[in-house]
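Below, chain A partners chain B and then partners chain C, in two separate complexes.
Coming up: the complex of A and B.
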């Protein structure tokens, strides 16, 4: 109901101006090739003196080395996203909240996995990123709960309860998939009908398509049966409608690859796709690059809409992924070619 | 056995001859066992070499995959996903007999799992995690196989060493000493017989 009241309340000029300012602080794409030529101490020094300084200083007592860097990056991401929630109002705030539910879902999954595994609360909390609506304090209290029932009660008033209501311990894959589906259905439902929002909807639908293509690749490669595959696909995509998903999930591997040629995404991945491909990492990396480029392109069409904010959130997340990929990749001596392949610039 | 401790009697001589015969046949059998074990060892060694090479290659692949997952997805994602793997592989250890040597036979189950049985949701994860999990499943299977073969090799080597020691002890110590004792008794008995004959001749004359 609150969302209906908020809809139409256009408070975009302020938040988009803030986002523009925040965007200017992101590392420019030219920096990444330079980072590739630096040693780890040089990179960590650069990061420690940048936007991430406060996070590095705060976590320096708890972590060290690359773990410190990674946790600082994650904390900065959470801080940035929470700042967006803080400085936005009404419709933009609502849409940002819905978009960031992805992190709530991630954290709930981590806590449930940890509890199911029997991991200590601190170990579980080391793997959460409080970048969604559930803050670190709430997540800490949930992670410290002893039983699954207590966790379910704590999440009773959230949209995630529907997925975990029947969970009583044991395997989590079905619950996790359900949580992800809830996320996308809410995200689709959250977007209205104005021109800017229609484009946002197109972006979300494209994201769903890309997610479905990745799932199709993974499940087909693993030899899952068509019903199991179809269960894992998210309805509401842009090009891959329900009928397409049904058809694609029933096709054998070679026909599936041929079937992909009918969609616009094919041109992005055609170079790395072949019948005897052994790894899907290249396909996923190219689809991620496409999503990033697409968000960046459409963000300029309606400057006073959610689009530039989505674009910023994506870029910020991407910056963190890129820094981490370079530093961790260098630490474990991954070839530069592999690191470059996974960078989204 | 020192020569001075031997009683030069006929019964001792018979006993010694029996022991020599037994030792010689034991020596022959142990030699055959040693040769058989060595042949078996070389066969298993070839298998172990190829399994070890495969294990090294699988380890390198698994390390690369987990390193990519850690770098691209982050340690937080890898750690969280790792919580999903609750079931440890089941191992059944039996034993089999190779030329009298008891070696292990390890059977594993639930090491390799289908993508939708690993415990983590597919929609929210990526192929980097799948490939790292795949690579480690293959690696664990290979480790189990290598453990079986390498334990067999160690046990065969121990047995070969033990058999070699026994063969050498029989060949260079036990049998020569028995032969020396037998020769001594024969010599003493002949001597005693000659003394007897001489004594009888003296009484007669």
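Coming up: the complex of A and C.
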């Protein structure tokens, strides 16, 4: 019962219409080739005249060049996600909150990694995106803490405490894994049983599958042993169930690629996968592209559900990643061809 | 012998009852369709305001789409009007 009260009623018409209007303001696909032909100051200017105006203006006093763009993008992402939380009510609000915990996890990982390598607080804060439940002020105070114990105490009341309770400095991968698992198990539990929500569940499960496939590719390529790989995978996927994950993690590279053919994702990546592939960039870009296409496809099945909102959040994040890829690539003078391969459109 | 006055009174009563039932029907026609339009407009209105909050130029379209379910209540009104036409004059 408490669960029902927390979710409240279904107030989708307002938020979905608003999100669709917001989606129409994202950068159109044609802009990216244009951005590729520009220098960084030109890109900053173009971005500063678009939806990012407020962020670029605000930060222009403190930063310049690439830093300015980088910070404006981060701030805009956080601002957009916070806006979604602000303008939604009841059930959509609850589901968006759960989805955005992704950024809490991201921030906690960033802070712990930074602390691990002794990075200064300011540098850590440059990389956080305050889009989740932990606001920028809380994150600042956490990033300024010296000892791991203080950080643990500060996160004592959050659901993430369970993952970091036993952390005492050192190797982070286990903690990061645990955080991911907490995130996805909460997300899966948050979604109810109605028709539209069943589709949302399918979407989240597909997202888990794609994440698992990426992890499998990376760990196989790095030559990790079976048990270590299985530890890194997230249970609860759509096609790759626990048994499949166990089997896949034990297969050697060539059999693993063959094993992938049994799943529907294979048709998406079959073109670029080969036994002697050296870079995973193409596979990951294709999987991201598939996730985006899938989200936008199912967002039309049940317009009055959380799906159009997931679709928008994914697209916004992708837009920011694309702009960042272009400017970073330009900065280190990568050839256009490689930058283009990294873009997900 | 049948009392002619009594019969007339009876007929009048029946006519009055019929008129009353027709009037109730007309009332239901307007009332129920009003509720139906309200239910339909609730979501459309909310969506229109949501879209307008992001893009002001959608005001015109939003307004038109919001009042489209108003046709339901117009049908109800027409039916009510036709029903009123057949109420026997007392």
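What to note about this one:
By our rule, the second predicted complex is superposed on the first by the 337 of 345 C-alpha atoms of A that agree within 3 Å, B and C clash if a C-alpha of one lies under 4 Å from a C-alpha of the other, contacts with A are read in each partner's own complex, and residues count from 1 in each chain.
Keep this in mind: contacts are C-beta pairs under 8 Å (C-beta built on N, C-alpha and C of every residue); 3 or more make two chains touch, one makes a residue touch a chain.
Note that the structure is predicted; figures quoted are calculated from it, not measured.
By the touch criterion stated above, A:189 is placed in contact with neither chain B nor chain C. Once the two complexes are laid over each other on the shared chain, residue contacts for A:25 go to chain C alone; chain B is not touched. In the superposition on chain A, contact of A:127 is made with chain B only, not with chain C. Once the two complexes are overlaid on the shared chain, A:60 sits clear of chain B and of chain C alike. Judged by the touch definition given at the top, the superposed model places A:16 against chain C, while chain B stays out of reach.
Set side by side, chain B and chain C differ in how many residues of chain A they touch, and the one touching more is B.
In the superposition on chain A, A:165 makes contact with neither chain B nor chain C.
On chain C, the positions that touch chain A within their shared complex are 43-44, 46-51, 53-55, 58.
Chain B contributes residues 63-64, 67-68, 70-72, 74-77, 79-81, 83-86, 114-124, 126-128, 130-131 to its touches with chain A in the complex. Residues of chain A touching chain C in their complex: 11, 13-18, 20-22, 24-25, 87, 304. Remark: chain A residues 66-67, 70-71, 74, 105-106, 109-110, 113-114, 116-117, 119, 123-124, 126-129, 171-177, 179-181, 211, 214-215, 217-219, 222-224, 228, 232, 234, 279-281, 283-284, 321, 324-325, 327-329, 332, 334, 338-339, 342 touch chain B in the complex.
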